[in-house]
């Protein structure tokens, strides 16, 4: 009885909050052109960044600083999960091997999953996708390995160092921009060297976007795999 | 009454359902599922703000000019927000695992009682 | 050197944090000295930035990617940001040293990474000039804070961290809804351009958007309904991290809230949001002081005291007057020094004696005289005794509050301060006049850090004018939005 | 009403229903799957709102990976929710 009362109280509060938010959103009409900076991006994206996909250009180039932060957040999550689930000795406790379909499928699919992930992040400036889905696809490949085989483990040391080095790579690309162009995260490949200017719409264009997206893809892939690894393994008492 | 689009409605409903789970449920994983649903709702809200009726995706290949695409900024923001969301979720789940290892329960009231 | 090199305040901690796994692969022992080295380098860069901003009297605008705002993201390192980036760097340097003594729980390499990223997140929150970038840095700060709160892996720590995460998750969702509203209404994310366009926004949208942004930040800024995580987290976190939380993480949240608040000055419904914030702040002060009185654990007691001081700062910042903002900034600086000293002393006692309950502090005056002296000075200052630094900022907050017409708020805060005096004097009494024990040896370097902070308290207490002039410049940086907008080289997209 | 908006309404409705189910189911494994379903429907909506990048990311990260992480966490804790009559809002209390 009391719980029903409390639930209805909570629901009423929530409806008030919902109404409050909804009446504000009535002032932001749906489906109308509200662009200000967005229009600038759309008008200049090809000339200024060489990317066809405006979202990618915004993510990596115009608002690259956000993306650096985002990569950092993922790095923190992987570090934090590692720190919190740290045990002196950890092992996998799965007892059953995956079914024959899963193991055989994984064995043949795994390289293709990796290639597909790499394809997604390398073509980020041309097609939808980019580093984050690409990296997630790679992590899915490792997830498949974990589910199919009971003894499989990622090479931790290598992955940790790779994570760090790839992240440093991102910052260093930014610092090279600071040295060449005078601005942190400056797109020196496109704006100073002007590589690929007559190649818009093909793979070798887009300035440092493919470089950064490769870095992001590798980093996301290793970090998500690391998180999965940490979540899946349990402590073993000696 | 106020008139809002179905997308806004769906997004705000998701936010409220998630918030309800956080407010009322006592199981930690349930609360985290609620937070996750809330984040999805917020992302949907942001994308709906950037949508412009009758325009296509902001990929300016053949046939799509600068005046025929939707706003790219909210999409870039949501891309960031999704990744941040999964990072928070992973962190939260590992803390939940520690709590379960220490107290043997996921019910917050029991955890409080056991802690004294 | 070019002003763009100020981007190093972000780039250096980041690249060093990414470098830690490599260091660990070479030698595990090198991780903590590396941390010390990086924070020292950060102090150097922050000192250079501070010097640059205060001698040229012009803010440094860092344009990431070479795009002029509002197209690109810019960092705005004005007087406030320069001052606080320096404070963050110095306190991080001290705490990096303290961590070597205080943190023994494995894995230390991950601790070092999270430490650097916490420093980075707070720096970024203070320096950024873009509202979504603020969100990203807020999340960096928050997620590192969650991880570090639970770092000791005890049940209490995990519970505190979980509380923090759930509140933080709600807060960040609200913050994003606020961003969606503001972006939908203005079409830009740059703070300066939002300030320019604020007058044209639909007042309802602006009011709800601003309220949601403030609510989102209130989790970080520890304002009343959303600060239940704070005492638990302060108590359960490793000692150096507690110092960092109290000294600058909460300040970053407060600053961001104040910045967003004053940016939207042109909105017609602005004053209602202001009043909401004042009420939240006064409630924070009163509730925290009375909760502090009940505590038997000194670390937790000081945590509540810290929350109440934060409420006082929020009160000052929400007054909507130049005097209030200046006083609030002055209080922020003083509070950072005093609480760093107190938590450092209490943490050191906790390491040496194995606990921080009130009983552990009996006879501290005989057992650890230097630490006891430092804690005493810190407590006297926190209470607001004249000739200590907090006295001057408290007086200025009260005066500003009265002149802004919030006499009831000032009266309540004064009443709460009496409560504060009671429990601090009880602590001092326990330290000097009860119990006794063997003399323990105290670390020379930590003693030096404590004496340095004590000296700062006394210097500001006796000669408040220099610090006050710094605070006035920093306060003007927050309050004077027209100057803020004119300092950002907007390229005139759409506006 | 044309057919495109029918689909919009239907998907939003299914999404809300799966969200409610995800919150109400006592079996946490089912709830995690419900949450992944919410993400999937949201990703269809993203696609309909002309945001293919976001749709891909949401499907890969929001649905697949965070669902997987949830399932691992459930495996390491317990699967069913125990419900008892108590005050909600634990995280609000001091």
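Labels for the chains are A, B, C and D, by order of writing; each one numbers its residues from 1.
Everything that follows uses one rule, which is that a residue touches a chain if its C-beta (ideal position, glycine included) is under 8 Å from a C-beta of that chain, and two chains touch if they have at least 3 such contacts.
All values reported here derive from a predicted model rather than from experimental measurement.
Farthest from subunit C in C-alpha centre terms, which chain would that be?
Using the mean of the C-alpha atoms as each chain's centre, the farthest one from subunit C is D.
Sort out for me whether A-C or A-B is joined by the greater number of C-beta contact pairs.
A-C
As a quick test, compute the distance in whole Å between the mean CA positions of subunit A and subunit B.
16
Which integer distance in Å separates the CA centroid of subunit C from that of subunit D?
Averaging C-alpha atoms per chain gives centres 35 Å apart.
Any idea how many Å lie between the Cα centroids of subunit B and subunit C?
28
Among the residues of subunit D, pick out those that touch two or more other chains and give their numbers.
Within subunit D, the residues that touch at least two other chains are 51-54, 57, 61, 65, 69, 72-73, 76, 87-88, 90-91.
So which stretches of subunit A touch two or more other chains?
6, 10, 21, 23, 25, 28, 34-35, 37-39, 41, 53, 55, 63, 66, 69-70, 73, 76-77, 80, 84, 128, 130, 132, 227, 231
On subunit B, where are the residues touching two or more other chains?
As it turns out, subunit B has residues touching two or more other chains at 7, 9, 13, 15, 18-20, 22-24, 45, 48-51, 57-59, 69, 73, 75, 77, 79-80, 82-84, 86-88, 90-91, 93-98, 112.
Help me check something: in the complex, which residues belonging to subunit A touch subunit C?
Residue list for subunit A touching subunit C: 20-21, 23-25, 27-28, 34-41, 61-66, 68-70, 72-73, 75-77, 79-80, 82-84, 86, 157, 160-161, 163-165, 167-168, 171-172, 174-175, 177-178, 181-187, 191.
Give the list of subunit B residues in touch with subunit D in this complex.
6-7, 9-10, 13-14, 17-18, 20-27, 29-30, 32-34, 36-37, 40, 43-44, 47-48, 50-51, 55-59, 69-70, 75, 78-79, 82-83, 85-86, 89-90, 93-94, 96-97, 100, 105-109, 112
Where on subunit B is subunit A touching in the complex?
On the subunit B side, the touching residues are 2-5, 7-9, 12-13, 15-16, 19-20, 23-24, 45, 48-53, 57-61, 66-67, 69, 71-73, 75-77, 79-80, 82-84, 86-88, 90-91, 93-95, 97-98.
Which bits of subunit D are touching subunit A when the two form their complex?
Listed in rising order, the residues of subunit D that touch subunit A are 51-57, 59-61, 64-65, 68-69, 72-73, 76, 85, 87-88.
Along subunit A, where are the residues that touch subunit D in the complex?
2-3, 6, 10, 53, 55-56, 120, 128-130, 132-133, 136-137, 139-140, 143, 224, 227-228, 231-232, 234
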